[in-house]
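One structure is given below, encoded as structure tokens.
A, B and C label the chains in the order they appear, each numbered from 1.
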Amino acid sequence: MSIINVKNLSKNYKVYKKEPGLRGSLKSLFSRKYETVRAVNDISFEIEEGELVGFIGPNGAGKTTTLKCLSGLLYPSTGHVSVLGYTPFERNYSFLKQISLVMGQKNQLWWDLPGMETLLLHKEIYEIPEKKFQEMVNDLSLILDAKDFLTVPVRKLSLGQRMKMELMAALIHSPKVLFLDEPTIGLDVVMQKNLREFVREYNIRYKATILLTSHYIEELCKRIIIINHGKILFDGLLESLIKEHAPYKTIGVILKEYVNPQKLEEFGEVKNFEFPKITFNVPLKTSSKMAAKILQKLPVQDVTIEDPDIEDIIRDIFNRANPKA
Amino acid sequence: MRYIKIFYLTSQHVLEYKARSFVWFLIALLNPLLLLLFWRGVTFTGTNHIKGWNISTITSYYLLITLANAFLTSHINEDIARDDVRKGELSIYLLKPISYFWKKFIEEIPYKVLQGCFGIIVTIILSFLLGEFFITNSIAIIVMAVLISIFAMLMSFTFKMILGLLSLWLIDIDGFFQLNEMFTLIFAGFVIPLYLFPPLLANIAYVLPYSYMIYFPIIALQGKLTITECLYVLGIQGIWLILFFYSYKYLWINGKKKYSGAGQ
Amino acid sequence: MKRYIKIYLQIIKINIVKLFIYRANFFTSLLSSVGWGVVGIFTMYLLTLRIGSAYGWSREDLIILAAIYPAFSGIFYMLFARNIGNLPEIIHSGELDSVLVKPIDSQFFVSTLSIDFIQIFRVILSASFIIIYGHFVPIHITIFSLTLSILLCIAGISLLYSIWFLVMTIALWFSTLSNLKDLLYTLVATMRFPADMFYKKQGTLFLILIPFSLALTVPVKVMLERSTLLDLVILLLISSIFFITSRFFWKFALRFYTSASG
């Protein structure tokens, strides 16, 4: 029995339309036009215990809506959702005690107080036994390196420290399922790295099932689900994504002397030509042979061989699903 | 021309928020109405009747308070403190070739018109229901009363502009505004007319500007002032207006410096 | 439930800590809350200067009512007013999400989150005034009447709470009416006057205010040993009805929120 089970989930919203200007204001007194937006359109997927899954899509794709349906914050329009065997929107307290939702940079800590006070409040709300509470406080502050600022008022902490404190508050009750909505938004590179390491650690250590949303690829997640316009475009392992949709390598070359672009076509698809830098896309199977050929035949100063830019892959998938007119 | 544009835009905005404006009106209406109701159930002690304070004058007094509240009061100080100073929207004004004072004044007008409409409608309805409404029938006095009202409105607005600007200096301006509201409530005659005050309190009231913003227009309209007394009131209002005007100017000049210096 | 008591104790602790941190606002909040209390009592003093009685209430009783009002409203303001007034803010900012995701009753949590301890000074004001006034004017209170009236105050405050909560919940649908909160504060201020004012025909405009008024009028009447059994029954009945209604409406609003929000 999978921990998270979603079948034919759809969620629609009514959006009211109003014309601008004085006329529009007066008109809207009498009649209101509205249209139905399909935020989530008949999606299905299953997640097993301990999986770390990334829900990827651009803004408005339906990621946050799905997450809210899974955590009980939204009532599905149609379809069936089950998490830990519960129906989320029934908001059963035994269910809520086992999950946690972290929404971007929205904070739930009391601003002027030391984070510890919020943790104590959560202790009472989630009915965490004293011993277990102390254990979690110690463990988490160790992993997050947060021991020093538990007793400092939150507003005096740096952004990074605040993020750590937020995570502690969200996880102090050792939830079995963790939902993270755009967790890396607004964080600098170092903080993002710390966050990823922490999530990975938490996933391994506590065998928690983690579902996070983002609008770019998280290398953190082995399995990703790509969603756009409320529909799932891909659901599988990250490596399968690359193999399926972009089975090539990118070879970057810096030339010592100018070479006619037409002559370069035998080495592979020229993705970018900005002398002296040239980028090729070369099929996966022949990439090493081709690289050798390039080094042999071209006046090469420097060469790099990389996996394709995942962002490009994603963009491709989006464009293929919705070819622009 | 641009002032007319401002008026038009604000009017549009006000129409959107007419329900909200009505709630403000209800809030202001509640107290006078309650006091009116209170007086109707009062029994006076023995023969201690108060001269000129009977059902008729009581009713018209509190109805006029409602009108005065709609036309003659201003809450611009709160807008200034919250939006212009704290949120920094003052910068926008400083960049425009428009008088801050008059822009704010023009922006107030649609709200006053709307509140005034509510006030007039409710006053008419209530005076029908209650069966009485008493104002003087002397044309001369009415003209005087209108003049006094105009001065009162200018006083009120300028005073609130001054208070608003003070938020550039006072850290806790909210407490100060609250204190001002408390004084206004009592000394502008919102509770009972000043001629019912004990002597000491009445003297204090005549020295403070509040009564000249609300109270005197009302009793002038009720015909309780002679022409001479009306002129006297106008004179005092004039003095207050000059005082306010120069205070505002002073605060504005120094305020601009302080505001820009703070580097918003 | 014991759990909720523990949670509330932690909330109290958190708010006490906050009180010491926000020292800057302390004196002005104090000025505001005590100042308006004084204004309320002073207003009644002015009103009743030359009168004998109104609606069956003697001048002294009217002043006592106006003097107890700061304490009564103070307790309500201390425990609930800020929280309920913030309801639209909590909902539109999405903070409600983090409440709904926790295993706690959402109505309880949003109602109790912050405690405004400064309002306690209104209670001190009321108590001091009554004690001093009692030296000049004979006030007849017995232990029994005092105890009973305190119990009825609880019913009265619960009535205030329910009406506020109901109004602010309904206000969620009318986001332009952000000043409903101010209207509620003004309505509370009408409790300085005895509910008897609204019983006569001319008071029918104020039918809506009667529940409000009873919240304080009944306990005070009980304290002064002037009430009838009917008064008590009506207050207790109305309290319960409004409480149940507020709860029902909140659940209804939540259903609306959870199927319509983004």
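Everything below uses one rule, namely that a contact is a pair of C-beta atoms (placed from the backbone, for glycine too) under 8 Å apart; a residue touches a chain by one contact, two chains touch by 3 or more.
All of these numbers come straight from a predicted model, not from anything done at the bench.
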**Report entry** Chain at maximum distance from subunit A, centres defined as averaged CA atoms
**Finding:** B
Query raised in the report: Of all the chains, which has the CA centre nearest the overall CA centre?
Result: C
Query raised in the report: Measuring from the mean C-alpha position of subunit B to the mean C-alpha position of subunit C, what distance in angstrom results?
Result: 29
Query - Centroid distance [mean C-alpha coordinates] between subunit B and subunit A, Å - result: 56
Report summary line: Whole-Å distance, C-alpha centre of subunit A to that of subunit C, is 46
Query - Numbers and ranges of subunit B residues touching at least 2 other chains - result: 16
Report summary line: subunit C contacts subunit B in the complex at 24-25, 27-29, 31-32, 35-36, 39, 42-43, 46-47, 49-55, 174, 176-180, 182-183, 186-187, 189-190, 193, 196-198, 200, 202-203, 205-206
Query - subunit C to subunit A touching residues, read off their complex - result: 3, 6-7, 10-11, 13-14, 17-18, 21-22, 94-95, 97-98, 100-104, 255, 258-262
Requested in this report: Going by the contact rule at the top, pick out the subunit A residues touching subunit C in the complex.
Outcome: 13-14, 39, 64-65, 68, 71-75, 77, 89, 91, 93-94, 96-97, 99-101, 103, 106, 108, 110, 112-113, 117, 120-121, 124-127, 153
Requested in this report: Show which residues of subunit B lie in contact with subunit C when the two form their complex.
Outcome: 16-17, 19-20, 23-24, 26-27, 30-31, 33-35, 37-38, 40-46, 48, 50, 171-172, 174-175, 178-179, 182, 185-186, 191-192, 196-198
